[in-house]
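Next, two complexes with chain A in common: one pairs it with chain B, the other with chain C.
Now for the complex of A and B:
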């Protein structure tokens, strides 16, 4: 069954994309670790982390694309799932610091000592174990998405309303995580990490491994979503996107299909967040900003919603542009980003990949039509013209 | 409330006036007489002095009050050389002499050149009676009121009889209740029978307020069992009333927050509610309105300082025009290509909001800009147990005025009719000869313009910075969605409900948690009623 799932998942584009992602996951760490710093092909460590960050963003965009591109749910809460995954990982990394914090408390993270807390809050238990943290990375965003989606989809909140209440959810979480009493470090968030799984988080080898892990996660997610959207389930998902009422009238429980996609997508976002945090070295409530969620939407839109590799390309292009722009002309980045939003929605509604696919399909049709004409001669031309 | 304020200022005017009259009208002869009487305070035995004090009291002249006060406090001295009497202020080894009647400094003397006028208890009592009588019986109602209030604040059993005489003679309706309370307060600390004390407790209990509470608590400490239940009942009734006032205060804060939400959301009720455009740049329209106010005030400050109180009136139409024009440009330039694709309008308008923010940041700088309050919007006044600030009051009035104007425009004007027609059935409206594209553009411009004038009002209570709009966008959407899309009344009810709810949650949950709770409640509410409080009915909604 798994093999048939895998076989079905692989169309040519996805195979190529997975190949490229895994190849990069090998190549870049290798160039970083195996070449001398003055070698022309050497990739400095900061670039490895930067590219690793892009890969986690790409995973986040892919997660959004699963619900927005294939199911028509425009979630403005994906940054929240991303940040929750990040916080779960951050909590593990905080616990790993142990007695090496500035206050030297073996159990409590620094900010709790600073706030005069005497014992660890119950929700911090277990985060000293990696497997528990890794479980939480998918469980917490997944559970939130499940509960939220359960209520929202059952009451048929959709379209714009759903977008607005997901934004409200994100905003509520933003406010909550800013509170010191919550026990997540207030507005400073979690930072000053030392180790992950016993390896120094600053070391080149760890950075390279994290990059490789991000690449593997992205490739796995790509295979999984590809399998999902190419299965029967995926076809119904697209049906929900294009004609929700009609799909319901055909006897499908639309809300179950949506809920499943939404929950899986939130889990993917959580994984992306968990991979993001050790590479960036900090997680703070700013990640919940409603603006961040909307930015994810634009990555997906630029690359092409409803295509699988579109969001990956979009996330990498937009963030690469952001890195270059904010360094070269900091004043103009918001102009550029804002302009991108407007121009893409106006002139490139299908995104880069979507437009390319449409163009290719048209050319193929045109060529096929030309072939048909050649075969059938003048007789076939008439019905075509009538069409 | 207002009458009380007016009365206060009138009162102080009256006092000043009376003082002036006394100064000018009292002729020198009377001054000399008084002088002689004050000097006589230094002569003879205690009994003699008591007589002098009583004689002074009979003159009823308020000028002798400082001298009597000084006598009771032991600050009245007689100069050995000429037997004149002075008030004194100690300054090192010497004493500064002050004329007891005029209050002027007349020189210094060594302490040895002066004799202190000695006082005993009977003399002190005489002085206090004289003083109380002087002020309580003063012909000036303002002075009497002040005296009664002083007595109320520091009641003494000794003064009881004077207060009672004064009360019997009192006719002024403003002074009388205070005097009654002063009498009750004095009675509580006196050794009168319990029946009278019970009546006094009732009087104070009815008056209410923090003062009454502390009076009663003090009385409770020394009360006997007979009186105790009465006092406790009075205290609890006062506390209940205070709790009621604090509810009132919360309602007021809630109304104030609600009016801010209404202002922020009302433009969105047009662009999102009526037209269905998810206008993420709405907050930036508010911000542009606020910056227009800033520019207007800058110009006024540098060129026409006299017009400052008019700055908001000038800024209003300008803000409407500026943001309306920007809105028109956005609609014509971007949004009209995206009708029917609501989620993509969301993205495009978000992009526009980023551009507008950065533009304002580049032009005006990233920091807060100073927008001043005109004089009629600053300050506060008391209303019963409430403190009401003028700017909050004006913003409530303004929000309701904007709401009414908009309602009128939509329901009673040809333009409003066309707007409603286009939003209800575009093709039919078009067939009837309405130029739907222009109606769209003008409706969007109207919504943006309203956001702009909201910005003028919000500039008075918020920081004017490029991020101003970001703070309102989520709240505005919540209000419109909660109230029900396409219904202005829903926006009104939604704004005030959320405002009051927020302020009632705040004391229990704290500001941030209160806000989180409100957001969660809205999310749950949307599950129950996906179309908001006042949902539009009919098939058109599903489209």
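Now for the complex of A and C:
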């Protein structure tokens, strides 16, 4: 059952994309670790972490694409699931600091000592164990998405109304996480991490391993989503997107189909956030900023929603552009981003990959038509030859 | 009154519903027997579409009973549940999955388990393939199987939607204006198709086209202002004074 599911998920594009992602996952760490710093092909560690960050963004965009591109749910709150996954990982990293914090308290993270707290809040229990934190990375966003989706989809909240409440959700979390007494470090968030699974988080080897882990996670998510959208489930999802009432009158419980996609997508976003935090070294409430979720929508739209590799390409391109642009003309970046979104919506409504696919399909059709024409021409020519 | 329930397939009694004070249905009652093909006519606003909304669970009636197969109360169930019970509905505007192929449209409609996980791990069987082939030939779309539904003509989309309803294997089929916008040849073929379908299940057709209804040659119910005006053969109904005043005369 599982194997047939996985077999279905591979087509040429996905195999090539998975190959490239895993190849990069090996190549970039190798170029970082195995070449001398003055070697022309050497990749400095800061770039490894930067590229690793792009990969986690790509995973987030892929997660959004599953619900937006294939099911028509425009979530403007996906960064919230990303940030929750990030916080779960951040809590693990905080507890790894142990007595090495500025206050030297073996149990309490610095900000709790500073706030004069005497004991660890109950929701910080268990985060000293990696497996527990890893579980929370998927469970917390998944549970929030499940509960949120349960009410929203059951009451048939659709379209722009749903987008607005997802935006409200991330804003509410932003406000909550800003508060010191929530117990997540307030404004400053969680930072000053020391090590992960016993390895120094600043070390080149750890950075390289985190990059490789991000690549593996992205490749695995691509295979999984590909399997999902190619199955009958995925076809129904597209059916919900294009003609929701038809799906309902065929006897499908549309809300269950949406809920499943939404929950899986939130879990993927959580994993992306968990890989993001150790690579950038900090998680703070700013990650819940409504603007962040909207940026994810732009990456996905630029790359091509409803295609699987589109959002991956979009996330990497836009963020690469952002890194270069904000270094060169920092004050113009937001104008560039806004302009990009307007231009893509107007001239490339299917995004880069969607447009390329449509163009290829057209060319194929044209060629087929030309072949048919040629066959007809030959058939017409034959009687003449017989004469 | 209750003695009719056990034998009839669909039983509506005293169904009323109003929207913002406008009475869309006013104590509507009628009965469909198993295997019956029934045409429903009536002027705009007579409540034909509202009646379908109520039977398929899209709208809840303010009062009245709706029973399916004797004792299944339809007023307590939602669209998906009613569809699974065996009531299929064709919309006025052809509604198919435009970005799927004709084949995939039928595959999704096929009467198989409707759960998320059943769909996730579904595999096409030889039996399902044969069934889809059969439906393709019934709705005359065998040679378009690999084309996107979006590329079909209006009439072909109507047939594809009827095909999807067949794949659902319903006991009762509600068909809203199947020949609107069709050519005469397509209309005639659709009449044949519906008659063929009605041999194995009950069909309710809502239609404006009197020629088409004559072609079907079945019992006709005329609705006006949310209740039944007249019921009987086409000649009987079209001779009825009230029907002429309310509908035909205009």
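The rule is short, and it goes like this: the second predicted complex is superposed on the first by the 376 of 387 C-alpha atoms of A that agree within 3 Å, B and C clash if a C-alpha of one lies under 4 Å from a C-alpha of the other, contacts with A are read in each partner's own complex, and residues count from 1 in each chain.
By our rule, a contact is a pair of C-beta atoms (placed from the backbone, for glycine too) under 8 Å apart; a residue touches a chain by one contact, two chains touch by 3 or more.
Predicted model only: the values in this text are computed from it and were never measured.
Contacts of A:163 after superposition on the shared chain: chain B is touched, whereas chain C is not. Applying the stated contact rule after C-alpha superposition, one finds that A:178 touches chain B and leaves chain C untouched. Using the contact criterion defined above for the overlaid structures, shared-chain residue A:251 touches chain C, although it does not reach chain B.
Legend: residue contacts after superposition of the two complexes on their common chain; A:239 is shown touching chain C, with no touch to chain B.
Set against each other, chain B and chain C differ in how many residues of chain A they touch, and the higher count belongs to B. In the overlay built on the shared chain, the residue A:260 is in contact with chain C alone; chain B does not reach it. Shared-chain residue A:342: touches chain B; no touch with chain C. On chain A, the positions that touch chain B within their shared complex are 74, 148, 151-152, 154-157, 159-161, 163-165, 167-169, 171-172, 175-176, 178-179, 290-291, 294, 297-298, 301, 331-332, 334-335, 337-342, 344-346, 349. Residues 276, 278, 280, 334, 337-338, 341-348, 350-355, 357-359, 361-362, 470, 474, 477-478, 481, 512-513, 515-516, 519-520, 522-524, 526-528, 530 of chain B touch chain A in their complex.
Of all residues in chain C, those touching chain A in their complex are 56, 79-81, 83-84, 88-89, 91, 95-100, 104, 107-109, 114-116, 119-123, 164, 168. Of all residues in chain A, those touching chain C in their complex are 1, 4-5, 228, 231-233, 235-236, 238-239, 242-243, 245-254, 256-257, 260.
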